[in-house]
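Shared between the two complexes below is subunit A, which has subunit B as its partner in the first and subunit C in the second.
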Partner chain A sequence: MCDPIFEYQFRLILIGDSTVGKSSLLRYFTDGKFDEACDPTVGVDFYARLMEVKPGVRVKLQLWDTAGQERFRSITRSYYRNSVGVMIVYDISKRSSFENLKEWYEEAREHIEPHKAIFVILGHKADNEENRQVTSREGRRFAEMHGLKFFETSAKTGQNVEEAFASIAKDTYQHLQDGHIKIEEGWDGVKAGFSRPKETVQLAEAEGESRCC
Partner chain B sequence: MASLSSGSSRDSKAGFWKKNSSVPGSIKPVYGAQYPPPQSNISISAKQPKKDEKGKNIKHDAFHEFENKTSDAWDDGDDDLIQMANLKLSLKDVHTSAKVVLDNHSKKANSLQKQQEGETANHTIKGLNSPQSQSQSFPHHHHHHGGPGLGVRLNSGGYQPPKMTSIRYVTNAAPDREAARIDKFKAVFAEPSLDLNDLRKLCWSGIPKSVRPTAWKILSGYLPTAADRRQETLERKRKEYFGYIEQYYDTRYQDLHEETFRQIHIDIPRMNPLIPIFQQLIVQEIFERILYIWAIRHPASGYVQGINDLVTPFFVVFLSEYIENDIEVENCDLTELSQETRDLIEADSFWCMSKLLDGIQDNYTFAQPGIQMKVNALRELIKRIDVPLFNHLERQGVEFLQFSFRWMNNLLMREIPLRCTIRLWDTYQSEINGFADFHLYVCAAFLKRFSEESLREHDFQGILMLLQNLPTLHWRDKEISELLAEAYKLKYMFADAPRHLLLKS
Partner chain C sequence: MWKKAILETLLLIRMEKENHDIRARQEEGGANCCRKLEYQELTPCLKEITSVWEQMLAIQGDEAEGRGGELVDDGKPVPMNKLLDFVKKGVPRALRGQIWLFLMQQHQMSSTVPEGTCEGADYEDLLKQLTTHQHAILIDLGRTFPCHPYFAKALGPGQLELFNLLKAYSLLDPEVGYCQGLSFIVGLLLMHMEEISAFHVLKYMMYDLGLRKQFRPNMTALQIKLYQLTRLLHDHYKDVYEHFETHEISPTLYAAPWFLTLFASQFPLGFVARVFGE
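So, the complex of A and B:
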């Protein structure tokens, strides 16, 4: 099997209330598919996709899809630590999922420290205009208030899905270039990938990964 | 379909649900033969010869052939295993005994083979003869997927044609033996005071379909061992359940319980999206009532996603009592049953699910300590029984929680087809604390079974994608029996290990 070449690997996590559409969003992003119904996620599921952050530079996104139900929080919390990006998702047709944004945001920040992470806010199911309970303005205002980017997305129509992931990938890449985020031993948020064969990144990474107990 | 207020919008969704889909942990379809949907058969059969060429003499209907050859090995042989239980065995002894048992079975099966060839025409079991079910015996459901994480590896080498070992296939082609076995069950049921250990021994290696509902009700502790008290108990418990409904079901819109019911009400329509029976509103309402009543009567855990899956096997098994032999359970139209019959199925499912959950409630209480403990125990077990795999997972930074949380939370139901879960539960209910303790050994055997495939994956991503989309869609009783034999061996290897060592957190 040959690995596609990528410069970095970023780990992202999707959080938000149950049934806001986190799994559908990820499935659309990684597989281009939309299913009207799917079994509720329990614990955490894993997805991955390559993405270009600027011409000729690709990163691998490893994506954790978390269960939204309260009872799973003690499990899902442990995934924050190794994430460099957090997408907080709400459902534009369900007011309560928007009202819980703040709680999700605070929980994520608390568990990510001392590491830095990029956050985006996603108002999902944007195709469901007739049942909208949260205006775009409200969503944007919440994001701006916290200095975050905002998108309204739909896994049904594909609206903004690519854009949202591209945005978080590019911002992470930029922060890395600027030195705001660094590759750190023992932290899986960002890792060096495989670039040109002559480099020894691969070896270094393999060593870095062997965590002995 | 009965109509309620939300009925029409649900109906319109039903079309979408039947689409092929595969995501990590999606319930694998399957009791009888409806899956895969007929329209996908063409591409499947077109693909199949490719697989067949790999196996030496496997013909197009390899499954049928396999089914005929794998006869009732455990039927007589299970006594060997049970006797082993009474001995303290060293590791070496266990290995030797297991080998002898398996060898014996092979011989028996071979000698039976000829005899059975003449009997193949007599299949009476639902679904097994239909073309759909034959095509089911190969992994194919993912062939349309290209994206990561969605079973792309299913067709890339993990699969080998089934070896012709002699593990019993419960619903198979030996009517006489099967009939004799059913008689044995009926004789045990009829004993004035049934010996639960006898029944457990009998059930451990799989329960014939026709006696399964009764066997499950007794094994779970729902029905008493005293034969003459059973009917009275059934009636009383059924009344009790509907008393709860009357008393509590109206509370579902009250502030205190609103959130519980809301979550159940959202989850039920989206579970089992590929199985037609679960698209019926009347079935969804049964599940909602069962789960809601259970949840509010168990406030320490309440309703946790995953518990909804646990109703399904009971419901399907108890339903099978009331439908014609030639109707697929999963295609059954529940409106054709009387209200009274539906009520019986509902109440029985509720009580048996409650009994099951009594044994694993710490899986669903705050912080899910039961699951955390089992995941740790699984890790400790693998560390001892499969060092290369353990080291591989460690080196690649794969944590057990990342793939086995769901195995514990949903009792492997999202990893194997429903028919296999049902067979698995025959054994779980025959073991003391089967859903807690023995399940752990089954998980270890399950992971070990995919050891080679896992070792072939050279990075974190590859391993995790494999482990959350394991190629089990073609699994039948044979694979479960092998898994159980391995789990049984593990149980005896570690039965003497100090519990605190194994289950430390």
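So, the complex of A and C:
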């Protein structure tokens, strides 16, 4: 197996209550597919996709899916530390999942420190307008209050899915360019990818780590 | 909030009603077993092995009848190694449920597992109570074997039995309550046996075989198992271990569902050995 060319690898984690649709969202984003019935995530799962953050610059998004049930936090917690991006997901048709946002946000921040991470709030299942229990305004207000970006997404219609992931990828990239976020030894939030073979670097050899420009 | 509570209550009432209907239908004429068992055998069981199992089950059945239908509890157990031998040779799909029950009884006879870890809990009584895990169980009903015909229908007989069992267990064992993963184990049991038998087997697996430890809220037992798996890989399959290390694949990623659903997504053969394994 030979990895395609990308400049950086960003590790993102998705958190939020059980059944808000984290796995469906990731499946849609990486596979373009949507299933009504989706197995509960037992523990942690993993997806990946390449994305362009500016013309000609591609990053690999490594996406960590977590179980929402309280009990699994002892396992999922250890995945915060190595994440550079956190997507906190709630279900717009389930009030309680919105009310728990704050708790999720605090837990993630507490475990990510001292590293810096980009957070995004996602109001998911936005296609389910008839059962809506959280208005867009409430969602946006929560995000703004904490200085975060906000999207309403749907894995059924695809609404805002690309946009949400593009936003977190671009913001991370920008922070990296500005030096707010740095590649660090012993931290996997951001890693250097495989550079273009402009110097006669053979891809096959480039399988080790940090062979970046 | 209120709306949600009301909706769930309505749902419960409906389930209650469906439960009645199912009972009625079951009394009319046996449950619909063939649909339950709809899956591919890994390797079909040999005829001779099947007939040995049939014999063993028949002997047990006779003994049981001689005592007015009670389970054999002090009859002579079949030697463990002999049983194990046959389990390895294969268990026919159609008899699998009966054989699991049989193995459980055999194991309980021959080992001195302290009985009565959870005595006094009658299944029917448990069903009448309410559980705090109701919501967590409900949201997983539609996500457990959704492609299997027996569980596919929303609030069909399969899903109702699943709900009943999970609810009863969460009341029986408040410390564990309901944990994701359990629904798959219960679902698999239900494919092979009646609701009440499945409850006994579940109880046996969780308590006597110690499975409940991994579902406890802190999940330490699970973490230990995952660690043990890593060390086993290290000792026996060094290259695999190293490959995983370079790519930072921890066992939590691939093996947590294995343990928590007892390989339920990959189906029974490994599972049988497991029930019996200890």
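Simple rule for what comes next: the second predicted complex is superposed on the first by the 195 of 213 C-alpha atoms of A that agree within 3 Å, B and C clash if a C-alpha of one lies under 4 Å from a C-alpha of the other, contacts with A are read in each partner's own complex, and residues count from 1 in each chain.
Going forward, a residue touches a chain if its C-beta (ideal position, glycine included) is under 8 Å from a C-beta of that chain, and two chains touch if they have at least 3 such contacts.
A quick note: this is a predicted structure, and the numbers were derived from the prediction, not measured.
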Return fit or clash for subunit B versus subunit C, each positioned on subunit A through the superposition. clash
Contact-wise, after the overlay, does A:31 reach subunit B, subunit C, both or neither (first, second, both, neither)? first
Quick one: subunit B or subunit C, who's touching more of subunit A? B
Have a look at where A:95 lands relative to subunit B and subunit C in the superposition and call it first, second, both or neither. second
Part of subunit B, among the options 42-50, 60-68 or 240-248, whose backbone runs into subunit C after overlay: 240-248
Touching subunit B and also subunit C: which subunit A residues? 18-19, 37-46, 67, 69, 71-72, 74-75, 188
Can you tell me which positions in subunit B touch subunit A when the two form their complex? 13, 16-17, 19, 21, 23-27, 145-150, 263, 266-267, 269-273, 301-302, 304-306, 308, 364, 366-368, 371, 394-397, 401-402, 405-406, 409-410, 414, 458-462, 464-465, 468
Where on subunit A does subunit C make contact in their complex? 18-19, 37-46, 67, 69-72, 74-75, 94-96, 188
Subunit A residues within the subunit B interface of the complex: 1, 3, 18-19, 23, 27, 30-33, 35-49, 60, 62, 65, 67, 69, 71-72, 74-75, 78, 188, 209-211, 213
What part of subunit C is in contact with subunit A in the complex they form? 1, 4, 136, 139-140, 142-143, 146-147, 179-181, 183, 215, 217-219, 222-223, 248, 252-253, 256-257, 260-261, 265
